[in-house]
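Quick one: the structure is below, and I'll ask about it shortly.
Every chain is named by a letter (A, B and C) in the order it is written, and numbering of its residues begins at 1.
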Amino acid sequence: MTVVSNSDLVAGTAAVPQASAGSHLSIRGLGKTYGGHAALADVELEIGAGQYVVLLGPSGSGKTTLLSMIGGFTVPTRGRIAIGGKDVTALPPARRPTATVFQDYALFPHLTVEANVAFPLAMRDVARAERPKRVAQALDLVGLAGFGRRRIHELSGGQRQRVALARALLVEPEILLLDEPLGALDLHLRRQVQDELKALQRRTGRTFVHVTHDQEEAMVLADLIVIVHNGRIEDAGTPQRLYQRPATRFVAEFMGESSLIEGRVAAAGEGRVTLETPLGAISLPGKAMAGAMGTIAIRPENWLAGPRPDDAVTIGRATVIDSVFQGATWRVRARCQGIELLLRLPPDRAVSPGDSLDLSCRERQMVFLDR
Amino acid sequence: MSTATADLEAIATRRQAVRGLAFTGPAVLYTLAFFATPLAVILIASLYASDAGRLGGDPGFGNYARFFARDSLLVALTNSVRLAAITTVVSLALAYPLAYVLAFRVPARWQRLGIVLAVLPFWTSYVVRSYAWLLVLAPEGVVNGTLMALGLIDTPLRIAYSDAATVIGFVHFFVMLLTLTIFSSLVQINPRYLLAAADMGAGPWTAFFRVLLPLSLPGVVSGAFMTFVLAIGDYVTPAILGGSKSLVLPQAMFFQISRNGDFAMASAMAVVLMAVMAIAYLAAARWLRMDRV
Amino acid sequence: MRQIRGILGTGAVLALAYGFIYLPVAVLVLFSFHELKAPVPPFQGPTTAWYEALFADPKLMDALVRSIVIAVVSGLGSTVLGFLAAFGLARFRPPLAGLWRFLLLMPLTVAPMCVGIGLLILANGLALPKSLALVTLGHVAVNLPLAFTICLAQMGGHQEVLERAARDLGASEFRVLTRVTVPLLWPALFASFCLCFTFSWDEFIISFFLSGFDVTLPVAIWEMMRAGINPKINAAGTIVFILSLGLVLVGEIILFGRRRRHDRRVEL
């Protein structure tokens, strides 16, 4: 699995980019402009086969536009899309090796489950005798064996989604596109379906591209997360890498929570930067120009409160504003030199507003962000 | 090399446009041919004079001048406007209570049945329905026959063949139409508004005038506009029930064609009729737009 | 106490309203079975003599058939054109869409009489004789906006997603239309047809201007009325009422039945 993204190249913090010859989905220079407004710009993406890819971003970020362009429903203003080495930019949805599961499943209400799933076969004029067998296989795959005769309105939300999946997988697409498929389901069902989707992807071995705004969902499902923000790719990588070493402020705040400490670069060189912050000078690995603005991001669970361990760096003394017990941790807001910090402390470290905490952090758990 | 991407977008946009125009085209062309053209013909014909069934003479506003000068024709116009206005007011006064009762006082189960029943006679033939009113109102009809049989009157009342009969005939039709439109409008009002009003201390009349009536106004205004416009342009009801003493504009137009063969004059009168409708539309549109804010 | 007043008030309004609305219909139907010519109570009968006379009257029977044929043809014409136009505007958003919509809705704002006169002058100018074909053309022109509006209202966003899904699964444009759009929209199409049918077969003024010797039913009834009160008209009116009613109820049941199934679907 390889990823090339602009931010990685600039920040130099991510995996070494490799242009792979066997890339399954290749997007180059993709952009879409509506009237003067650019919904998407400069999208570069290379995805290997068999990955579960999640396009993650807030509403209006352009992730759905990107999905729509991969599926062929929206024509790009510039750029090319190639699937399996073949340029598909000019192809309509019917001729692309993709299949889409739409947000509210788009099942044909006037047809039975069986007729719905068999629809792509009918469109390809597959022999009628052939169809029941393949439909049964597809329904089996999603765990709906025997549901063929039912009408759509008799099905629950989860069942409808499975029918939509069966129908899409029937055409054996190279890439399965899913547009916020879990949005309509309640929380409990959502978790269950997430597991089923992941298992389905493993079972079929196909590339799934899944759009969502829910970062927890992305973390559960994805082999590769692509973060889309304001029409551009902010960052792309494994859930682990994105969480531990976000490339930008947006990613640091969108994926989980962070404390952000801003400052000016006082000195830079040999792979380290020193930032002048309200909390004092902090030195950590990174690359920057002297005099530029920068940010240090620290995950709440990486704060150390109390006597400083040897391998940690002192940050400062903070005053607790409030703390909320959340079962596995205490979620604590504290203020240090006027900056609000977010910490997670172990369940036995109860604190009260007004308490003082000596905060430190291990250098490798601090992330330097230049944007 | 495959098509450049910028071209793709242009091609896709063009294809959409062509498809859209192809689907919309037939209906538009049909309307142009069989609606717009006749209207244009009327406009043009109104500027000429009718001479033994053909149009001739020099173009001008002679027909219009004659129309506004001739009392008998002008009176037809004022009759039309007057009767349409009266019809609108009376129909609203009768339809609103009925719609209100159906929307708020009738149990939900019976609402649909209630409104369907209220509108059912709509589906009798328009011509026959006016005729039915004739049966009711004529000198030898139901009302007079009953009253005479009961000994309450000696000679039949002159109800039929009058403005009153025309209005009755109109109102009967438009009460059904207005009940339907006002009912639809009332039913869409969130009942929580009324609950909130009551909660804040409004009595039933206050709640009606300050909450319900304003909210239902768009439905009322569009219904009233529809009534006025339809009533002004109607020939059948005045012709059957109105008698020949006071004519409305459509009747006058009809006689221009059937008696005088004067298509040009009839055209001019048609243009005047359309102008009146356009004015009514502008008035209603301003009202409606204000309400949408 | 207020409850009782409320119920009495409601009852009074309903009684008066329905009484007024049904008076002419009741008189019409009742006196179609009356033995005497004049519709004066007391009611004497019942007799089916007038209905028999009606069915025996070739002029009226022919007019009835003509009305039905014209209504079917113009209903189909309006519905097809209206549906295609609604589909085109809703799905493809062609240039000048606002203009086309305005044009298609314009006939709603013009009195049919004006359209009738215009078509008459046009026909005269083109030396075309009056005919039922002209009547049909006029009816389509006047009913097209209605069919268009009904179909446009049903072209929702959800419908569009279904069409997109069909394309994704390999359907050609033609198949999208025939396998997805029309089947899903067919209650609206049917309702549109029923309504256009009813308006056409009840239409008087355009038919009057444009039909020659072969007249439609409303025109035939009109001609009968010139001769004075005649219970055959009652019979004709009653039959028209029952037929129109039947058609509307069928349309309503089908549309309503579909909608109920649709609503269940929406509850995910």
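Criterion: a residue touches a chain if its C-beta (ideal position, glycine included) is under 8 Å from a C-beta of that chain, and two chains touch if they have at least 3 such contacts.
Here the structure is a predicted model, which means the values were calculated and not measured.
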item	value
Central chain of the complex, centres being mean CA coordinates	C
From subunit B, the most remote chain by mean C-alpha position	A
Centre distance in Å when subunit B and subunit C are each reduced to the mean of their C-alpha atoms	16
Gap in Å, rounded to a whole number, between the CA centres of subunit C and subunit A	55
Subunit A and subunit B, separation of their C-alpha mean positions in angstrom	59
Parts of subunit A lying in touch with subunit B, wherever the complex brings them together	75-80, 87, 89-90
List of subunit B residues in touch with subunit C within their complex	16-17, 19-28, 30-32, 34-42, 45, 53, 55, 94, 97-98, 101, 105-106, 114, 117-118, 120-121, 123-129, 131-136, 138, 140-142, 145-146, 149, 172, 175-176, 179, 229-230, 232-236, 240, 250, 253-254, 257, 263, 266-267, 270, 273-274, 277-278, 281
Touching residues (chain side subunit C, partner subunit A) in the complex	158, 161-162, 164-172, 175, 179-180, 183-184, 261-262, 264-265, 268
Residues of subunit B defined as touching subunit A within the complex	2-3, 5-6, 8-9, 11-12
Of all residues in subunit A, those that touch subunit C in their complex	71-73, 92-94, 98-100, 102-104, 106, 108-110, 119-120, 122-124, 152-153, 156-157, 160, 167-168, 171, 184
